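Going in written order, the chains are labelled A, B, C and D, and every chain counts its residues from 1.
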Amino acid sequence: MKFFDALQRIDRRIIYIVMGLLVIFPLVKPLGLGVSSGPRARTLFDAVDSIPAGRTLLISVDFDPSSMPELYPMLAALMRHAFARDVKVLLCGLWVTGAGLADKAVTEIPPEYGKKYGDDVVYLGWKAGIDAVILGMGENIKNVFPTDYYGHPLDSLRMMNEVVRLRDIPMAVAISAGTPGYTDWLNFAQSRYGLRLGAGVTAVSAADAYPYLQTGQLTGLLAGMKGGAEYEVLVQKKDYSRAYMPAVAAMDSQSLAHVVIMLLVIVGNIAYFATRKRGA
Amino acid sequence: MHVSTDILTWVAVVLTVGIFSFLWKDNPFYKFCEHLFVGISLGYFISLTWYNAVYPDLFRPLFVQPLSEVSLGNKLLFIIPLLLGLCYFCRFIPRVSWLVRFPMAFVLGWGAGVTIPAVLQTSIIRQMQGTFLTPGIFARWDVFLWAIISFVGVVCSVLYFFFSREHKGALKVASETGIVFLMVGFGASFGYTVMARMSLLIGRFQFLLRDWLGLIQ
Amino acid sequence: MIPFLILLLAAGQTAPPETTAAVLAPPAPPVAVRAFDTPNDAGKSITLRWSAADTLARTWLIERTGPEGPKVIATSEPGETNYLDEEVKDRIRYTYRIAAVAGGDTVWSAPAAAVASTPQFFNTSRVNILIAMVIFFALVVYYIESAKKGKNLFVRRIAGLDAVEEAVGRATEMGKPIVYVPGLGSVADIATIASLNILGEVAKKVAQYDSALLVPNRDPIVYTVAREIVKESYTKAGRPDAFRQDSVFFVTSEQFAYAAAVDGLMVREKPATNFFLGMFWAESLVLAETGATTGAIQIAGTDSVFQLPFFITACDYTLIGEELYAASAYLSREPLLLGSLKGQDYGKMVILLTLVVGSALLLLSKVPALSFFSNILGFFSTR
Amino acid sequence: MKRTIPLAIVLTMGITMMVQFFVPHPVSVGYYDLTTRWIRIVGAFALVLGTGSFIMFHSDKVRRRRQGWYYSIISLVALVVTTVIGLGWGIRPGSILQNVIYANFLVPLNASMFAILAFYMASAAYRAFRARTKEAALLLIAAFIVMLGMVPIGASIWGKLPELAEWVLSVPNMAAKRAIIFGVALGGIATSLKVILGIERGWLGGGKQ
């Protein structure tokens, strides 16, 4: 029974190493465990899929680099989906710290589809004030953002001639890590301007968003890395994109990590009960 | 595999590894990162506070904007928070350190007054509205069953937090049922949070493997 | 026949007939157009309501007539049957009419009765909150008063609190310090206030036993208060000279930088006991796991539901939610705290009773004769 | 004077803010906006307390050459450099503060601290997640169901697992959370009331009476 005693006193660093290796392995060599998409992701996908070509999808980048692993894959997959269907993408953000992320997406993704900045995609940037920004965009986007993030006047961007105010946009998706976030879009844009709104949120805050799905205020929801993975799979299934799917790859790691934690609990308990029984 | 040549990426890598090294044991590298973190974070906070609160809400209207934009009366109104804020400095002057209580009283009183009705609205009245059993539960057997279980769960869990009686007899049964619900709830939270934290760890590894080492795509 | 009908219809309307090219029947104007001052608001707003008379209309036009004369102010979709006009001035009378538009036809309704907007002094939709407030205030004040009069108030034993004394004693025996983390919340958070009360009691014991105490802080105001409280406790214990200035200190406002620093502190100082009481976020497990590896006894407590599971697993004793508040009353035996705890207890009973009785009546409302009970739910909606 | 005025301020602010909640009149809304702005300003000044304590704590450590004093120099330098960059060049997107300090220093530090949690979960799972009592066993089972139900592997083990996980989250979990919220909310209200009435005076520092 020395074995169980040793098991009880196992060095925590060994646990850390095992854990770390098992998370890294599938990232380098995906296991292909497969991701099945739930109804919430599919609703959002179908909604974006039904935007007529040539119209505009608005994406609000309301997260910062600390929730990047969970939310950035959603942003990338949504943009790929839109571009593959010749839907234009307008980006803005309520988080000052999210500006760099939107910039990254705008530089990296459109070239994959031969899309040009100003014609097919515009990033407005960030402005202080939440309700004022959204309500202002409802009246006239130019009043809130006279120039885009890079300093071009909006008049010089061809895409912005057709998109004057929120009513010209058939659908928006708010990807938010907290407040401000999709709730502000719900309160100020969805109810007033009838904007169709989908949301992407972190896993922890997903439960708070369910009520809005039930009432139909939200059209679809992506929750956490899994939500991102579901969307990536949907986009790939329709052959809209063949890009690397970071969230799908990460889901293998995630599955493995969960299994490891459970195994640790089980082994820990076996060792505990084995040594206790003997002691009693 | 092509390792990044961007100096800033390297900085981020060094800091990431430095923090992770604490898992092995406390070491000078971690201590360096920890102290750097503490200093930078406070400096970042000070900058944000200046540009997001002090400058636009106080300094600009009080000292920068001319009287044509902000009337004298409004300017005088800004003197009050300025004085209250300055009271915080008194903390470092022993003879008048009690003046610190003025701004604290203002913040606390305001907070307490705002909290009471807001909490009643969102955490009591609205939650009660959501807890009531309604005739809608007769629609389907599973809806009915889950609604009853939820209701019993709420009642018993609240009874667990009843401090005025010894938990004996019926109260004991109820509070023990309550504990069952509480524990299942905590378990669910645990499982849920494991998922979120794992996502972040995976994100860090993706950064190391992709942005730094270029091992994946 | 049809053109004749159109002419007839158009004649009844005040708008100029634009029916020359109409082949289809023009839409019927909206009916039951009502304009009224938006209730429970700060003024400058009028609400319009109407119903569609048929399904032909593609859009509605809304026209307002004020001192500046008539003006079309909005176009809305056919599904909508209300509109909020927030561009009006207070105490000026306006009339409204609404037109149904289909094809080239615009058919106006009769104007609604004139209306003026005013701000209100009381938000009637919040009466329920006011009632709840009165009931609860009365309970708390009543029990505090009876506690002051010396009535003996019972509080059940709370597991984990008996460990406090033992934990302080252990630190003395081992000659190691005690780390007390008063949470990461602000001084307005109740968990922080409860934690600061407990800190006072712990500091008294620490002073008596002559152990060392370390209190790292994240909030600058909490830091100021904690410092005063610890100093005071040393004085009360008769050992004002033993208070060390740097035992209570501010670390940083950034959550994880704070956690990193407290981790370092625990690993280097190897405390005998760690207290984590107050508000915590994701850093809870970072603190509790690191603390556990140093072999300290850990007593935790928070009202943050997401962090409780981690404290429960990683710490020796955990105060769950409200137990944290009760703990400060239990430890100090202060009548004021005990009284307010009683008030909260009976407040909870009022909530439970309302829930049970309300649910019973609501379920009864299924019976047609008792359907009026279904109004109960409406009483609990707020704006 | 030292106690009465602060208590009077608390009482006035508390009562006016409570009344304000029920009054939609523009005067009341204006009062709310004004005081909210004041709170932001006053709250910003509170950082003075923290920064003062921070500088004193670390410079004291350096001056007395306490153990690890050289690390305190790092903290102080980091504070000064960041503040100078932040105040000097601003905080707008694209500034040095956001693009260098935030994105390449704070984010990796923060995210790494966050990610360390995953490791701690593993060690906590192994070390402390014991089914000692039947309550602890329940906690374990619920955690297992949710953990499995949330990842694709769970669905491949048993198709109904995701549904079961959602049930655990929305039925028993929701009930427990509600119960805790009721208690916490009442506690919060009672404490706030005591603060307003001057019964709770711990914050004055020194003596409850």
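Annotations
By our rule, contacts are C-beta pairs under 8 Å (C-beta built on N, C-alpha and C of every residue); 3 or more make two chains touch, one makes a residue touch a chain.
Fair warning: this is a prediction, and the values are worked out from it, not measured in the lab.
Common neighbours of subunit A and subunit B, by the contact definition above: C, D. Counting C-beta pairs in contact across B-D and across A-D gives the higher total for B-D.
Among the other chains, A has the CA centre that is most remote from the centre of subunit B.
Mean C-alpha position of subunit B lies 3 Å from that of subunit D. Subunit A and subunit D have centres, each the mean of its CA atoms, that are 24 Å apart.
If you average the CA atoms of subunit A and of subunit C, the two centres end up 27 Å from each other. Centroids of subunit B and subunit C (each the mean of its C-alpha atoms) stand 14 Å apart.
Annotation for subunit D: residues 18, 21-22, 46-51, 54, 68, 91, 102-103, 106-107, 109-111, 113-114, 116-119, 121, 123, 125, 127, 129, 139-140, 143-144, 147, 150-151, 169, 176-177, 180-184, 186, 188-189, 191-193, 195, 203-204 touch two or more other chains. Shown for subunit B are the residues in touch with two or more other chains, namely 19, 22-23, 31, 33-34, 37-42, 44-45, 52, 91, 100, 104, 107-108, 111-112, 115-117, 120, 124, 131, 151, 154, 158, 161, 182, 185-187, 189-190, 192-195, 197-198, 200-201, 203-204. Residue positions of subunit A touching 2 or more other chains, listed in rising order: 12, 16, 20, 23, 66, 203-204, 226, 254, 257-258, 261.
Interface of subunit D with subunit B (complex): residues 2-3, 5-7, 9-18, 20-22, 34-35, 37-52, 54, 68, 71-72, 74-83, 85-87, 90-91, 97, 100-109, 111-119, 121, 135-136, 138-147, 150-151, 165, 167-169, 171-186, 188-189, 191-193, 195-196, 203-204.
Subunit C contributes residues 77, 293, 306 to its touches with subunit A in the complex. Here subunit B touches subunit C in the complex through residues 19, 22, 26, 30-31, 33-34, 37-42, 44-45, 91, 100, 104, 107-108, 111-112, 115-117, 120-121, 124-126, 128-129, 131-135, 138, 151, 154-155, 158-159, 161-167, 182, 185-187, 189-190, 193, 197, going by the rule given at the top.
Across the interface of their complex, subunit B is touched by residues 13, 16, 20, 23-24, 27-28, 66, 68-70, 128, 202-204, 224-226, 244, 246, 249-250, 253-254, 257-258, 261 of subunit A.
Residues of subunit B touching subunit A in their complex: 23-24, 52, 192-196, 198-206, 209, 215-217.
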